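The structures come next, written out as structure tokens.
What follows is chain A paired twice: with chain B in the first complex and chain C in the second.
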Partner chain A sequence: MITTPTPPVLDIQHLHKEFRLRGTGRDRVLTAVDEVSFTIHAGQTVALVGESGSGKSTIARCITRITEPTSGDVLVEGRSIIKMPSRKLIDIYRSLQMVFQDPNSSLDPRKTARATLDEPLRLHTSLTSHQREQRIRELLAEVDLSDHLIDRLPRQLSGGQRQRLGIARAMAVDPRIILLDEPTASLDVSVRGQIIRLLERLQENKGIAYLFISHDLGVVRRISDRVLVMYLGTIVEEGPTEEVFTHPVHPYTQSLLSAAPLVEVGRRRERVRLAGEIPSPVDLPAGCRLVGRCPVATTACATTEPSLLNVTGSHRAACPVALDMQQVPST
Partner chain B sequence: MATNVGPIYDPPSLAHPFGTDRLGDDILSRTMSAATLDVSITVAVVLLSVTVGTVWGSVAGFFGSWFDYLTMRILELLNAFPSLLLAMLVIAVAGPGLLNVVFVVALLPLPDYVRLARAEVRSKKNWQFAEAAKLVGRRPVGVLFAHLVPNSLRPLLTYASVNASQVAATVGALGFLGLGIQPGSAEWGSMISRGQDAILSGQWWVAGFPGLMIFLLAAAFHLISDAIADSRDQGGSW
Partner chain C sequence: MNASSDVVLDVKRLSGGFEDTDHQILPVLTDVTFSIRRGVSAAIVGESGSGKSITALSVLGLTPAGFSLTAGQIRFEGEDLLTMDPARRRKLSGRGLSMVFQDARAALNPVFTVGWQIADVVRIHQDVGRREARRRAEELLDRVRVPEPARRMKQYPHEFSGGMAQRAMLAMALACQPRLLILDEPTTGLDVTIQADILDLIADLKAASGMTTCLITHDLGVVAENCDQVVVMQQGCVRESGSCAQIINTPTDPYTKQLISDSRLVETS
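Moving on to the complex of A and B:
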């Protein structure tokens, strides 16, 4: 893990996103991301984990302004992008790139590998066409795609090759940070490992920071420096990866991390499981979002929404009850 | 114009394979020189209509808002008029002439092209490759014309080749009604019109061969559209 005194490459402050759902009668509000804050430093990998629908993709889409956030701020290398007019965003996209989950739909079906990689080079650099051609071949080599694929259309490539091309496209402008939204989820299990190793190697060589969204906790544990655990639009626990994986504090993290839904809570060695299903993010009630599913909930949980509290160092969890249990000396 | 003057109303023979007309002009050579005009008018009309329709429809579909609303109202208005009648009316007012014919006939299928392009772009504008193009550094207009329009062309071109056969027939019909380029110029529609009396007196070839040509041209465009549809089935890049 690299920590630097320079401003973080990505600084997310109170990011908030609501979707208005038009229905019969009054409009209802779906809170997809609720006041989320975190930072990513140069060369760091921060993982974002959590159940489907917890708002991970929405965070990535708000950071790139593919989706406009409702409120909050996003700073890329210290520059706020939220109020930036969209024609100025092109400068930001030189530092900030994204790899999409599904390369089948994120690559233009009518553009060859060459044309796909030429586009960012043409728009962001003043390279001559000869220099661009050279750079395209370098990029292909960097992602282990052989030269003879240069004139292929996406449908003439395999799934893994397509995702390599998607990664090369993101790398073309030498960004400081890449958002990876489940970059291997659409791929065959056999090629997932290769893509992860490629991403690790690119990071080592270039010092890029990653926001890594994934359901694969094994990979998260292996490649990320920090992990953010999301539940219904909020971060419920965050900290150094090993720390969170070995000492999960929040009941939700504990249930997420255990292969079976049976976990140990704090030092009480009590086996618990979350009851019921993830509730709807529409018209969220006051209090902790886990109330009703949480085995250790108290009456206070239903009224006050817990905020992130320090566990140790930069490890924080949004559950006062579990934190109290942590402090109980072992007997 | 190479007119090979021979005996008047001569039936098809080796010397005049399509026969001659009431002035003794060779119908084969008149038909052939008319071909250039009819084919170029048809192609010009289709190109004009498909280009304007694609740009208009895709901009409306992509940017939406008031421009899209206005577009839809205009299309409804255009739809309310029977097309050939509209064309005849406009030419009757504006007068015949090459450009008038091209513009008026191009107006007829325009609503179809606008609607097709609009629907294609609307269905694709939230696709991830359009979002990815934004991150690559494209402005909205660039996303539209560099990515969405090229990916919307296939149905438009398929329709264009079907439409071309209708256009060929419309151009012929206008010529027949004396609303074509200009009276006297060799053009299939007007040749049929001038040969119609001869049919009653038994000289079928005067109107028959230009009529056959219109049919063949329309058929040729149909074959092209079939070919495009086939290549689509086989996953061709179009």
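Moving on to the complex of A and C:
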């Protein structure tokens, strides 16, 4: 990445989110996100991947303060938003927007496409109604929705059209970064391709950064510059996308990548298998979270929680055992 | 007509649709023709609205209200299911052919234990007592690799994860050793590692029992890695069918080509 004195568009520092579960006896603690840090620079796409329960959506919700984090800090263009009173957050939402997974529930069913796009413009700009109307038509054109759809309600649009409208709404205020939470999960593959191409084009034209949350590894490989792999609330591996996909180091990453099916006949790859299923994030034990499922775990793994260690350049993995094994052939 | 014994399922010129308020049939399936050979792992692939699920439901005789078939034949081991005596067809469902649905947790009854539900299926199809049915249910759970089957028997569906619930559904479908197992999006909504585990399990169960499987899916990656015969559907029509290698490597139909490149996220040039 180019090193410039300008702060990153998004800077996440030691983000932590716990939920208290009330019950009989003492309260139990569900750790959804555990001390996660990362940055996103202008025009960059960073992907968060991981299975359900890994905490990736909670991170997006904490960044927008839909959910209040327990501790840690979120800086948008250098400004901390965690302590910010909520009435000031509106300024932040000019730079930071979000596109949700399910356009059916994130669009107001009683608002036409025009009204949906008009709202952010009224809130964030001082455009006249005539200018806003012009901008709405521009936005529709940008996401390849034709003019005649302007008075349609969400239920009168197809799934792909609804997701385009969701993207247009996020684009309306010219944000610096958009958080995309599984934007293609509910779409057919042909529509998925169109949405990916649209996101790529918008990024090229406007230099927007994306935080792309997805479990679709094919899409992640195609769209992102960097990838962060999450497991039970922590980042277990991070690095440039191609580097992580071709040389995964952490046993969890290896297992995840080797499980994703490829559209190639007879290429059933050798799978890296983990024992059992993802455990509950309630009352996490000490040590590495993968202990008990991991094929390379040692006794030390059960007591010390591994931190992210350098593999090469900006590629890091939280597994000292796997890193040692990597070094063996080279010595 | 190919009535040779190596064809398990033969669907011929199947057409049907939903009846609208003016008693007009809105076509959903048009001239759907394909056959599945014994012992293969077949797949019906298509996007939403392609008619792949309604085709499978037609085979099982479980089509929703308002839907009716207007033409065609569905032959299972040479017998036409559509003209067959309903009692005989009911008997075939479950024993001859069985089905696993997409959302396993929704398909299980929330107010009964999982063990009770599997034992119930065993009792319906096999002449055994309660105790024997329970024993067989536990054995089935073990076969689909549910850890601690004895404890899991007594649990309710909400205590099962999505992957475990799908295993329980497989156990239920296998209770009567069907010769054809139709799986409608069995791994959609599951995480990729769980998906891979379930697909491996299905392949192992198939190898052990010699049954024929037909996977209904939208995911060409799953098809390429797990199936040997493919039917591609779009808007109620079969676009192309053939061996998996042939369809994936040398598709001739433009829609199939587009679907493959979209799935691989590469541009067609």
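Some points to look at:
Note that the second predicted complex is superposed on the first by the 310 of 331 C-alpha atoms of A that agree within 3 Å, B and C clash if a C-alpha of one lies under 4 Å from a C-alpha of the other, contacts with A are read in each partner's own complex, and residues count from 1 in each chain.
Please note the rule applied: a residue touches a chain if its C-beta (ideal position, glycine included) is under 8 Å from a C-beta of that chain, and two chains touch if they have at least 3 such contacts.
As the structure is a prediction and not an experimental result, all values here were calculated from the model.
In the superposition on chain A, A:I66 makes contact with chain B only, while chain C stays out of contact range. Contacts of A:G218 after superposition: chain C is touched, whereas chain B is not reached. When the two complexes are overlaid on their common chain A, residue A:L256 makes contact with chain C while staying clear of chain B. When the shared chain is aligned, chain B comes close enough to touch A:L153, but chain C does not. Of the two partner chains placed around the shared chain by superposition, chain C is the only one that A:E51 touches, whereas chain B remains out of contact. Contacts of A:D108 after superposition on the shared chain: chain B is touched, whereas chain C is not.
Looking at the complex, you find that chain A touches chain B at residues 64, 66, 87, 90, 93-94, 97-98, 100, 102, 105-111, 119-120, 123-124, 153, 155, 166, 169-170, 173. Only residues 47-48, 147, 161, 163-164, 191-196, 200, 218-222, 224-226, 244-245, 248-249, 258-260, 262-265 of chain C touch chain A when the two sit together in their complex. Across the interface of their complex, chain C is touched by residues 51-52, 188-190, 192-193, 196, 215, 217-219, 222, 255-256, 258-268, 271, 274, 276-278 of chain A. Those residues of chain B that touch chain A in the shared complex are 127-129, 131-139, 146-147, 150-151, 235, 237.
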